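Next come the structures, one after another.
Two complexes, one shared chain (chain A), two partners (chain B, chain C).
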Partner chain A sequence: MYNFGTIYETTSVEDALRLKKEHPQAHFLAGGSDILIKVREGKLAGCDVINIYNLDELRGICLEEDGSILIRPLTSFTDVAMHPIIKQYIPVLGEAVNQIGGPQVRNIGTIGGNICNGVTSADSATTLKAYDAMLEISSIDGTRILPYGQFNLGPGKVDLREGELLCGIRISKESYEKTYGHYIKYAMRRAMDIATLGCSVNVTLSEDKKTVKRLRIAFGVAAPVPIRSTTAEASANGHAVNEALLEQVSVGALADVNPRTSWRASKEFRMQLVKEMAKRATKAAIEKAGGTING
Partner chain B sequence: MDIIGTSLKRVDAFDKVTGKAKYTPDLIPPHALVAKVLHSTIANGWVKEFDLSEAWKVEGVVDIVTCFDVPDIQFPTAGHPWSTDPKHQDIADRKLLNARVRCYADDIAAVVAENEIAAEEAVKKIRVTYEEFTPILTMEDAMKEGAISIHEERPNNVVVKSNYEIGSFEESIKEEGLTKVVGDYETPIVSHCHIESANSFAYMESGKIVVVSSTQIPHIVRRVCSQALGLGFGDIRIIKPYIGGGFGNKQDALTEPLNAYLTTRVGGRPVVLAYTREETFACTRTRHAMKFHIESYVRKDGSFAARSIKAYSNQGAYASHAHALVANAVNGFRMMYPVGAIKSEAYTVYTNMATAGAMRAYGIPQIGFALEAHVDDIAKQTGLDPLKLRTQNMMKLGYVDPLTTITCHSTGLDECIQRGEQYLSYTKKRKEYAKQTGPIRKGVGMAIFCYKTGVYPISLETSACRMVLNQDGSLQMQIGATEIGQGADTVFAMMAAQTIGLTVDKIHVVSKQDTDVTPYDTGAYASRQTYVSGMAVKKTAESFRRKLLEFAGFMLKKDPWDLDIKENYIVHTNKNEHLLSVADVAIESCYSLTNSTHIAAEESHHCTDNTYSFGVCYTELEVDIPMCQIKILDIINIHDSGKIINHQTATGQVHGGMSMGLGYGMYEHLKFDPKTGRMLNDNLLDYKLMTAIDTPELHADFVETDDPTGPYGNKSLGEPPTIPVAPAIRNAVLNATGVAINAIPLHPERLFDAFTEAQLI
Partner chain C sequence: MAKKDITCTVNGKVRTYSVDVRESLSDMLRGQAGLDSIKHGCDVGECGACTVLIDGKPFNSCIYMAIWAQGKDIVTLEGLSDTKGAISDIQQAFIDEGAVQCGFCTPGFIMASIPIISSETEASREEIRRQISGNLCRCTGYENIVNAIEKTQKKRIAEKKSK
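Presenting the complex of A and B:
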């Protein structure tokens, strides 16, 4: 038995935004895999919700005319993972969301919900951060575009203002073209778990595969919000593809992260994981891009 | 035809997979009320007063009961057979609700309401005033001079202390040339994680209190409810439908006594008391955390001259099964290697932690980890071969335990060890892997165990069975022994069919126990049922068979002694020609105009024997040192459980036990806030039970002995598979990395600490 207040059903995005303006206290309900838990725990007991789950206009993935990939927020993790556009252009995103929870959660949970929930452990967040995703955020008064890098304000807090709803996640062609990524989720078990640490790396190599043209690396659970390691990226860009590169990325990552000790894991242990996973994810991304470390 | 030893399909398989099987929540009558318990938010202190005014205002609240309202009766909850000797009775140390708060989330009040939301609302609105003491969360703190008494009956917080000594330890260690090996080992608090949480519903009918409950022990729960409420045994009726697992947690009275009381408060209306997963973790029972200090004195030839153990068992807030667990552990320490002098000192200590109780293999996984880790430590320190050390010192055929008189009537342990060695090439690989360098290394490890079959002579062993013939030659079989998912109904049906001479489809097992009509049995625990209750089934089947043959003899005008039953037909002894079908006998016996008689049999078995089962686990694994992860490459359990009644269900039981052992060794442990004593990971996200994808391919094999004391040559199998897995993993990590880790689980953070200390990372 779940303790809800009023449930508002919607028929269109406009309808949903109007309802949100009229009932600012109500929560948008997408897949519900986060909200239902909070209702059961009592944190949101008795809350009002605006159900947007049936709004198919917010669901799906397409390749736009300018070559950018638009992911609509209600797309389930399963659909992200299985989608041919994702498989072809950003397979790492599919691989990342395929490690969330179990099959049932991946069928109901949505990628928009994952990032709007604002937790540092969100499995889609690191890869979207590492690909410089842009967010399209709408209210009844209009739409604004925000780099995902600026979206997280603090643990569980995101830059969604009163009356706003995330309506699109966009990755530009320049961001994914000739770019290869790898995600490592480190958890205490291989399914039904939240990350102890997440690391998503993507690289673009020179024509001869000997030099890094661009490397982007993001971590989850290494700070209060998902973060990019700019130090690691700066030291990698233009660097030759070799063992020293992995060391540079690892050292750079350690300089930027700030994990905390909780009863789930200590800071020291998470630092060890940052050090090792930065190397392993970078190496794997380079290999996917056709480079070799000891070549 | 032999039915015993085949892989017969479970008799409950179709009902369970199609959803027809009924569990407690499926049977809740319409309009039942819902109860919720208010749990304390302190771990140690007193409830001074309640303010119920806001709670009463919640719409739908029917009753609120506090610790100041319940009967002033302390009762025991452990699922042991009752002892009529007061000295051996379980410790009665709790009331239905308690003003003296002894752990975080202790039960202090309850609300009965028209629905769950109202009950939850009202519980939240109860205001409590406490007198608060500092929580005592460790055994060391509990045993300190001047520590606050958690129970006034045990002022120093030691529930029980026990000692034994075989031979003279002090004299034996004076021998020349002994190597002394010392080790300290520690096991965690873990949870049973049965699928169906603790739940029951209670109502009144015909002047009785009826409790329908998910329990392993209906007859014992009836006794506990009667004691808790101060009523007669006959005033209580317990009904046990199918249950979704128990693993020992439901070998305790959990929700039943309080629920029996709540229904009396609301005029006998049905009341549901269903614990959430969080409550099942925090407010039922756990596995005892234990600490062991072991000292061994070993001769050059590897024989043990003397060993000593000090064992400490963290009981938590209430006695439950109390000292029985650590007593079993230190007995296991002696029995496994019963050579040389042996000295033991064991303590069970109250703390303000979650209450510990029975859990699969009852103290032996704890000692199994410590002892088998220690044997590999001996091997490492002395350079002796781990297999030789074990075979040389372990229990042999004919062993009579000096303290319990339990006798080794059969053993296939030596063959189990050899078969495992051949399966894994353990000795060869162990040498090979000892010299590795680099970040990723392999290792092999093994461990052995022995396990009793039932609880005689420590406790009573008794069981009864009833069979009633139908007119078509089939029968209903009722047993007090319970099906808890382990396959008991199936093996009992096989035993009955085998002994009577029927095919299994003629045996209708009445799976549900109802204490008003079901014959007595203490229930599912101690891996006792195939051995103890199996004998009751065998005796009843023999008696039933005699009665059938007597009537067949009357019909055929032949001496019943010349007749036999084979596959549903009456035949001449040693011949196969069908004289009559059992169905012919059955219908005539019921409707005979001259001689009608309703064939039924009921026998009870008072068991005065016991025997040991044995087994090994071998594993090969890979350790990723920088990532602090273990990957199991191969794992096998090989068991001597006597004759295997049903190979398929036995294999399933071994797989399940290995899974639990892998969790114990690598994943599972309950965490508590060190300041408040609150359980932190009381849910299946944060409590790392393995998932299917984490589970390696599990291998099971059997060395079949024929135990002369078992009804069909069989010995215990239910609990044992979980015992040897954790130490085998630990020993394999030692082989791989040279790092001896003396506490489980070997989860990543423990590996991180150990590898950091060993300067491997």
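Presenting the complex of A and C:
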């Protein structure tokens, strides 16, 4: 038995938004793999929840007319990883969420919950940041579009205002076209573990595969929130595909990150991981894009 | 506290349970259906001892709300026996391979292994380990569990080919 206050049941998104306006203190309950644990631990004991898990209109992935990919927030990690649209256009996102927890957790956990929870270690966050995902956030009064890059306000704090619910995650065609990504999760165990550090890189190369047209790199657990390294990106764009590029990205990344010491790892160890993983993930993304380092 | 009627299929039979809306699926299946193969291990989705299949996929029933089960098809370890109560091949393989010591984790491991042994394609030992990575065993060291699952999937694939 869970120690809940009131559980509000919903039959539609509109219903959920209306309930949230009436009961701003209530938490939305999606897959529950964060909230239910916090209730068990006592941190959220007695809280009110608005159950949205059954709202199938918030589930699924589709390719829109303008070529953008729309991921609805209740899509489970398993369904993201297995979805043909993700496999074809953004395989790195599937590979990233496939490293979360174990099979049971990936079946219940939702991608929307993962980013709304607002922690820096969220495995989906780095790749979504690196692909400039746009968030569709709704309240009973309307919908606003927010770049995911502006969503995280602090550890566990996101820009969801009173009455709001994340209803869509969109990646534009321009963002994923001819773009190849790679994600590295460094953790102590191969499953059921939280990242010590996460790094997601994607690259678009010139026609001859010799020059970087665009490189985007994001880190998890390298700062209080998932971040992009703009210094690394600026130094990589237009750079020739070679060993020096990897060094530039690595140096740029170190300039932007600000990891902390926690019981999982020291700041120094995380800095070492940033340095090394930036290189390795960049190299792997370039190889996926058909480029060769020193080739 | 509010009660709600939940109708779902449990081990092939349609059942309706009157649940407290705060109950987990494991509470409902143990308390009302008497399906004691489901273990309350960690109760926070880390150990896998409460694993059941929902619409064919493994879930931790301790962090699945009973009210979400409306209309779902649920299978527990009890549902693997045939109508006469004889155990299934995967259960026999766990016995034969010594994949059971204290037995507390066993039902969860067996339910987590069902998608692997039901698949048309053979999973490598590495893939089997990945598929059972959401389940903890403190006795066996996992090796015999992987052996039992590997043996059963090979047997099933061979049976399908010979038909």
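Going forward, the second predicted complex is superposed on the first by the 295 of 295 C-alpha atoms of A that agree within 3 Å, B and C clash if a C-alpha of one lies under 4 Å from a C-alpha of the other, contacts with A are read in each partner's own complex, and residues count from 1 in each chain.
Keep this in mind: a contact is a pair of C-beta atoms (placed from the backbone, for glycine too) under 8 Å apart; a residue touches a chain by one contact, two chains touch by 3 or more.
Keep in mind it's a predicted model, so treat the numbers as computed, not measured.
Once the two complexes are overlaid on the shared chain, A:104 sits against chain C while remaining clear of chain B. Legend: residue contacts after superposition of the two complexes on their common chain; A:272 is shown touching chain B, with no touch to chain C. By the touch criterion defined above, A:54 reaches chain C but does not reach chain B. With both structures placed on the common chain, the touch criterion links A:191 to chain B and to chain C. Of the two partner chains placed around the shared chain by superposition, chain B and chain C are both touched by A:1.
Once chain A of one complex is fitted onto chain A of the other, the partner contacts of A:36 are limited to chain C, with no touch recorded for chain B.
Contacts of chain A with chain B, set against its contacts with chain C after fitting on chain A, overlap at residues 1, 3, 102, 190-192.
Those residues of chain C whose C-beta lies close enough to touch chain A in the complex are 2, 20-24, 27, 43-46, 48, 51, 54, 57-60, 63-65, 67-68, 70, 112, 115, 130-131, 133-135. Residues 115-117, 120, 124, 626-628, 667, 671, 673, 680-681, 684-686, 688, 690-694, 747-749, 752, 756, 761 of chain B are the ones that touch chain A when the two sit in their complex.
Considering their complex, residues 1, 3, 42, 102, 186, 188-194, 196, 263-266, 268-269, 272-273, 275-277, 280 of chain A touch chain B.
The residues of chain A lying in touch with chain C in their complex are 1-4, 7, 9, 29, 32-33, 36-37, 40-41, 51, 53-54, 78, 101-105, 107-108, 190-192.
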